[in-house]
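Listed below are the structures to be examined.
Look at the two complexes coming up: chain A is in both, with chain B in one and chain C in the other.
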Partner chain A sequence: MKEIDIEEEIIGTLEGMLGESVLGSKSPRPRRVYIHVKPAAHKRAISALLQAFPSTIISTITGIDLGETIEINYHFWCGKAEVTIRTNLSKSKPEIETITDIVPGASLYEREVHDLLGVKFANHPNLTRLLLPESWPENSYPLRKDWNPKQTGEIHDSSEKTLTIGETRTESNGGSLVNVIVGPQHPALHEPERFLFKLDGEVVVDVEPRLGYAHRGIEKAAEHLMFFQDVHLVERVCGICNVAHTTCFCQAVEALGKIEIPSRAKYLRTIVHEFNRIHSHLLLLGIAGLEIGFESLFQYLWRDRETVLDLTEKLTGNRVMAEYSTIGGVRRDLTPILGDEIKKKLQKIRDRLSFYKEVFQSDPTIELRTKGIGVLSEEKALKLCVVGPVARGSGVKSDVRKHDPYAAYEDAPFKEILYKDGDSWSRLMVRLEEVGESIEIITWAVDNIPSGPYRIRVPRRMPRGESLSRVEAPRGELIHYVKGNGTAYPERVKIRSPTLANIISFREMIRGCYVADIPAVLASLDPCFSCTDRMVFVDEKNGRRWIWSMNDLKARRRDS
Partner chain B sequence: MNPNIFFRILVFPGFLFLFVLILFCDWFERKIMARMQNRMGPSYTGPFGILQPLADYIKLLTKEDIIPHHARQFLFSLTPIISFSIFMLSIFCFPLDGINVFSNYGFEGDLLFVLALVTFAHFFLFLSGWSSSNPYSGIGAVRILMQFIGYDIPLIISAIGPAFLAGSLSLAKIASMQTIPFALLTPWTFILFLVALQAELEEDPFDVPHAETEIVAGYGTEFSGRKLAFIRLAKDTQIVFGAVLTATLFLGGPYGPVFSAPPSLWFTIYFVLKVLFVIALLEFVEAICARLRIDHVVRGNWRMITPAALLSVILTVLSAPYIRLFMGAPI
Partner chain C sequence: MRRIKMPQMIVEIASAVFKKPFTFQYPFTKPKVPEGLRGRQIFHPERCISCGLCARDCPAEAIEMVEVSGKKMPLIHLDSCIFCYICVENCPRNALTESTFYELASTNKESLALRPEKPESEGEATEGE
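And then the complex of A and B:
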C-alpha cells in the first residue's frame, strides 16, 4: 500500500514541524489528509506544508458554522494528496490572520468566506464583498445556521457606488485613464459579470472584476434538500459542465456513505464525463474564434460539436443537462449498438480535429491575435493557484484525472497535455489536444467496459462525517466538500468551481494588453460565471432609478 | 433641361434601382457568407430569403428612436442621413448603364471628386460615433479615424494606376478604355487595391471599428430605430460603392460586348454581375480571416501596404508603354 505511505508521510512531516500545535489528524481514504491545528497555528502549518511540498496549490477555503464556533478548512493539493488544514474560531469574534501573503491565490476564497460567514481575515489587502451586493446589510451572513432571509429584508442597491461611464481621470504623471465598463451585459460575455477596465488609449492598465451577478444560493439551498435531490440541484450549477458537477457530488456522497459503486457505472460515468469535455472544449474553441472575429471557425466547430451532443442525447436521454450520474451509479445503460455508433462518430471528429489543429497552427491571423498575448508564466500560475487548461497551458501539471484518479481513469490510457508558453494560444491548443485524448478515453472505455449492474440502491440517510471529492471538469479542478450529520440532509455542501480559481489570473494576463485582446484572453480562460456565482440566495431588487425592478416589470406586464 | 433626368435620378438607374441593388447585395453577401460557413443564411422572407434585408429595414424604421441624454443631438441626428447621402451621391457619379445618373459621361477628374467625397463620408461616420458620448462609440470612432486616414492613402495611390493607364481621371473614360480589364493587366495594383478596400469597408480582417466582441457596435452603439436603419443603409451603400469603384477601375465598369439593342440593358447586366463578383471576392476574404488588432492594422498599413502601393505605381508607370501597346491604345 504505497499510497497510505504518502498520507502517513505528510502527517508525519507536518506533525514533526508543528509539534504541539497539531490537535489531531486523520486520513479516511487514499490521498485525503485532514490535520486539525490550534487557532492561531494555521499559518505556520500552511507555511510548513509549502516548505515540504513547494508545488502546493490552494483548492479552496470552506467555512462551516458549528453553532458555538466557526470551522475554517483550508484545502490544499500538495501534488500527491489533498491536505485539509482545519482550525476553529469563536463565533462571537471570528477573526483570523490572512494567508494571502504566503498563498496569493487564496485572496478570493478568503473574501468569499468573509462575505458569507463574516470571518474577518486580518491584514487581507482587499477584504471587500465578492459575491453579495454592496448594499447587503452588515452582520447578516447567509451561510450561518442562525441566518434567516427575513432578517435581511429587502435590499435596494441605491447605496451602491454608481460608476461613471467613460469617466476620464488625470493621473499624476500627466497621462489620463478612461474607465470602460464591460458587463454585466456585453456581447463578449455570455453571462452577466462586470469588469471595470482602466484604459490608457487602447492599452489596459488595470481591471477590476466584480462577480456575483448570477447568484442562486445553491450551497444554502443544498442544506435544505435531501442528498438525492441535491444531485439535481448541483447539476444546475452549470449548464455546460453539468456532468462534472453531478459526478463530483455523487462521488463525495458515496465516499461519505462508504458506498462502492459497480465498475460498469464507473466506466459509464467516464464516457459521459468525456463527452461533456469534448462538447465544452469545442464550444470554447468556437467562442475563442468568435472573439477574435473568426466567425467561420466558430460555425465549423459548433457544427462538429453537434455530433457529441447527439451522442450524449442517445446515451443519457438529454442533449445538455445529462441527468446521468446518481448516487450509487448511473441512470441508463449503454447498449453495444450505441457503443459502435459512438466509436464510429468519434472517429469522424478525430479527423476534423487534425484539420482544426492545422488551422490553429498555421493561420496567420490567429497567430497574430493569440500567440504571446495574455501570458501567464509557470511561476505565476503556481502562485495564483490556477487549475485546468489554464494551468496546463502554463506548463503546470494539474490534471486531476492523472494525479488523483477517479471513476475509470486509473486504467485509462491518455496523456496529460502540457504547453509551456502560457499565452492564449497555448491554452487553446491544450483544449484542442485534450479533445483528442478524450476521444481515446471514450473509445477505450467503450471497448473495455465490464459487464454487470450499472446502479445499486443506496439508503437516503448518510452517516455523520465528511468527504471531499475532486474531478477534472472541462475548465479544471472541481471540488465538492460534503459534510453529513447522520440524516438524509447534508450539513454543509461546499462547491469550488474552476473559474473561481482561474479568474484571479485574468488581471495578471490582461495588464498591458490592448482592448482588442480583452475578449480573446478572457475566452482563453473559459470563464463560467454561473459556476462561480452559486453561493447565496439573493432576493435583490435593482433600485436604480432608471431601471425597473423585477416587480415593476411584472406589474407592468399585468397592466398591459 | 432633359425631363428624363428626374426619372433617371429617382428611378433608373438612380435612387430606386440602386436601393434595390443595395438590398440585393446585402442579401447576396449574407447568403454567400452563410454558405461558406455551413449555414442556411436568410431563407424565410420571400424566395430564398431575398426580402430579408428589406424586412430588416422596415422593422428598424418602426422601432423606437432613442437619443442618449449626453449625445450632441444635432450631429447625432444628422450624421446617419448625411453619410448615407454622400455614399449614394458618389455612386451617382459612376457610369451605371453606360452613362451616369445625370445622363452624361461625367467630367475630367470625377475620380478625384468621388474619392474626396468618400473621405468626407468617413469623417461623418467618425462624427456619428464621436457625437454619441459613449465610451464604446468613442473608441470605435477613434479607430475609424486611425484606420481610414491610413488606408485612404494606399487606396488613392492604387486608384492612380488605372487612371495612368487610361490617361484620364474620368471614370467613364477609365472604364471604357478597358477592352482587357486592368485587373488582368496590372494584377499587382488590383490586389493592393482590394486589400485597401477591405480596410475601407471595415470587413474582416479589418473590422476593428465595430468589433462586436470588444466594443459592442463601435461607433453605432447608441443608434436605434430610424437612425440605425440609416447607418446600416450607409454601410451597405458603402460596400456597393466599393464594389462599383473596383468594377469601374479594374473590371471595365458597365462596358462589354453588346449583342442586341438596347446597349444600356446589357451594360446594366454587366454592371450588376461585376459588382456581385467583387462582393463575392471581398466576402471570401472576410470568411477566411480573423480580426486583426488596431495596432496591427495601422502598422500593417504604414509598413507594408503604403510602400507596396507606391512600388506598384512605379511598376505600373514603367510597364505602361507596353501595356498600352498591348491594348492597342495610343501611347
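And then the complex of A and C:
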C-alpha cells in the first residue's frame, strides 16, 4: 500500500505544479508512473520533477514512431519510482527543446533519438551522429516505421572526417594541444570504439568518445521477431550480461501481458543473474589487473572465474549464453545435488575473495595506479546520471536490486556496497565486494528456494500496452521498454544499457590524468560497447557500406 | 605511504609452480561436459510429422524445410544456429532431441548442415563425444 501512495504523491505533485499542461497520468503497477504532457511543456514538467525530487536521474529517452506523430518518452528514476514524461511531436516537423541544460546526462540519449528517429533537439550543444556513420544519408531514420533499407541505398564512405594522428593545434592561450586518436581497435578493450584524446604533454585535457562501431540493429530487428524469439535476440546484445538482458526483457513482457511467474522461477532467475554478476566482475577485475601491468592477478582471477562458468554451464546448458530466462519462467530446474555443489564451490570462491581483497588493499602496484586517479565526485556522478558500480564508487545509492526489487531480491539479504572516494580503486573495490554479496545471495536462494513449477505456459500474443523493466546488470541499471500492439510482435523495444549512461562520465574522470592511466581508468568504468551500440545493420567492406534487410541477409547466407 | 609489502602475491605464485596446470591440453585431453550441455541436435526422421514448427519458431531462422523422399523435413544450418533449443523444446513429436556433441569446427560449410536424409551418420557422430 505504501508504494501506491508514492505514485499518487508524484502524480499529485506534478499535476499541482503544472496545472493544465498535464494531459493524463497513470500508474499501471508499483513504482511506475506515466505522465502525458502538452508538446512544449516537457521541460517545465522535468524541472518540476527535479525540484520535487532532487536526486532524480535520467534513465533514457525513448522515441516511438506512431505513424502521424512521434512520441518522446523521458524516463526518470526519482529515487522511489520510475517516472515517464511523455510528449507528442508532429512527424512532419519533429522539433523539441533540449533538456541538456537542466539534465546534462541526457546529452547522449538526445543524440541517439536524433540519429535514429530524426528528432531535432533545439539548442543541443552538440547534436551530431552518435551511432550511425557520418556518411549516413540525411533524412533516413532507421527506427521510423516507414523506413526502408532499399531506399537508403549504398553509402559511400569516402568522406568520413577524421583527424590525423598527432595533429597539433595551437590554442588561444598560447599552449598547444596534441590530438591522439585511440581506436577503433584500441589497447584497453577488445571491442571497437574510438577516442580522441587532446593532450597537453602527458596530461589529458579532453576526450571525445565516438560510439557506433559495433552497431547491429537489434532494436529494429526485435520488431520483426515474436516476443519469445526476441528473448534470444536481446540475449545477444551482450555476451557477458546476457542473463540481465533476458531477465529484463522477460520481466517487461510479463508485466505487459500481466503474467505472474512461479516463485521458484524468480529464485532461479536470481541465482543465474548473480552467477552472471560474479563472472562479469571477476572478468573486469582481471582486466583491470592486466591494464595496470599486474598479469598474475589477471590469471588467478580468471582461473577462479572459471568455477562460476562451470556452474552456469551445469545449470543452464552453456558457459556464457545461458538461454535461461524465458517469458513465463525459466527453462531448466535446479536439482538438489547441483544446489549442494553450487554452495560448496562458491565457498571456495569466498575464501579466495578475502585473499584478493587483501591484494587490492595492500599491493603497491594497484595502489599507485588506481588510488586517487580518475576521480568522479558524488555531485558530478549525480549530475551526469551514472549508474551501477561507477555511481556506487562515488557514493551514489543506485542499486536497482535494493531500491526497485525484482525477482527474489525483495527478501534476499545483501548490502549495497558504497565507496566515497570516486577514484578507480573505489570502483574496483565496489565490484570486489559485490562478488561477496552475490555469493551470499546465491547461497541464500539455494537454501530457501520454494518448491513448485518453474515455468508456466504463456500465449504468444501479448495485449496492447507498454511496460518498463529495470534490472541491475553487472555494469549498472539496465532498462528495457517494451510496447505491445496486440499481436505476437512487439511494436517497439528500447534497450538502454548501462555503458551508455556511464561513458559520458569518462570525460570527467580522465581530465587531468596521464596518458598511461587511460587504460586503467577506462577499465575501471567497465565499458561494454557491444551493449551500447545496437540497432541498424551496417556491413563494412572495401571502404563502402551497405544496408541489408533481414531477407537480403537470409538470401545471401543461403547463396554462399 | 609506500609500504614494502608484497608477499601475498609472491607466495601465491610460488605455490602455483608446483601445481599441475589448470588448463586442459585440448584436443589431447577433452573436458568432461555436463549432462545438459546444448550441443548439436539429433533429428529422428521417423518421428517427424512435417509440421514446420521448428522452422517457424527458430529465432535465427537457421532451419529450412526441405523435401526428402516426398516428405518435408527440417535441415538445420548449424552455422547460423544459436543453440537455443527452441526447436527441441517446441517439437510436438520429439523428432529433434538434444545431445552434448560440441566439436563442430569445420573447414567447409557443407558439413555444417544437419541434413535429414542421413539419420544413421548423426547417431554415430554423437557417440564420439
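Note that in this section the second predicted complex is superposed on the first by the 538 of 560 C-alpha atoms of A that agree within 3 Å, B and C clash if a C-alpha of one lies under 4 Å from a C-alpha of the other, contacts with A are read in each partner's own complex, and residues count from 1 in each chain.
To be clear about the criterion, a contact is a pair of C-beta atoms (placed from the backbone, for glycine too) under 8 Å apart; a residue touches a chain by one contact, two chains touch by 3 or more.
Not measured: the values here are computed from a predicted model.
Enquirer: Which of the two partners, first being chain B and second being chain C, lies in contact with A:V515: first, second, both, or neither?
Expert: In the superposition, A:V515 contacts chain B only.
Enquirer: With the two structures laid over each other on chain A, which partner does A:L233 touch: chain B (first), chain C (second), both, or neither?
Expert: Touch status of A:L233: second partner only.
Enquirer: For A:E295, is the partner it touches chain B (first), chain C (second), both, or none of the two (neither)?
Expert: Only chain B is touched by A:E295; chain C is not.
Enquirer: In the overlay, answer first, second, both or neither for which of chain B and chain C A:E323 touches.
Expert: second
Enquirer: Quick one: is A:E313 in contact with chain B, with chain C, with both, or with neither? Answer first, second, both or neither.
Expert: second
Enquirer: Figure out whether A:R303 sits in contact with chain B (first) or chain C (second), or with both, or with neither.
Expert: A:R303 contacts both chain B and chain C.
Enquirer: Just checking: does A:D363 make contact with chain B only, chain C only, both, or neither of them? Give me first, second, both or neither.
Expert: both
Enquirer: Based on the superposed arrangement, let me know which partner A:E202 touches: chain B (first), chain C (second), both, or neither?
Expert: After superposing on A, A:E202 lies in contact with chain B but is clear of chain C.
Enquirer: Both chain B and chain C touch chain A; at which residues?
Expert: 296-297, 300, 303, 363
Enquirer: Sort out for me which residues of chain A touch chain C in the complex.
Expert: Residues 225-226, 228-230, 232-233, 236, 296-297, 300, 303, 306, 310, 313-318, 321, 323, 331-332, 355, 358-359, 362-364, 554, 557-558, 560 of chain A touch chain C in their complex.
Enquirer: Going by the contact rule at the top, pick out the chain A residues touching chain B in the complex.
Expert: For chain A paired with chain B, touching residues are 165-166, 178-181, 186-188, 202, 289-297, 299-300, 303, 363, 365-366, 368-369, 514-519.
Enquirer: If we count contacts the way the header does, which residues on chain B are in touch with chain A in the complex?
Expert: It is residues 36-39, 133-136, 138-139, 204-205, 207-208, 211-216, 287-296 of chain B that touch chain A.
Enquirer: Applying the document's contact rule, which stretches of chain C touch chain A when the two form their complex?
Expert: 2-6, 8-9, 12-13, 22, 34, 36-38, 57-61, 64, 77, 80, 82-86, 89, 109
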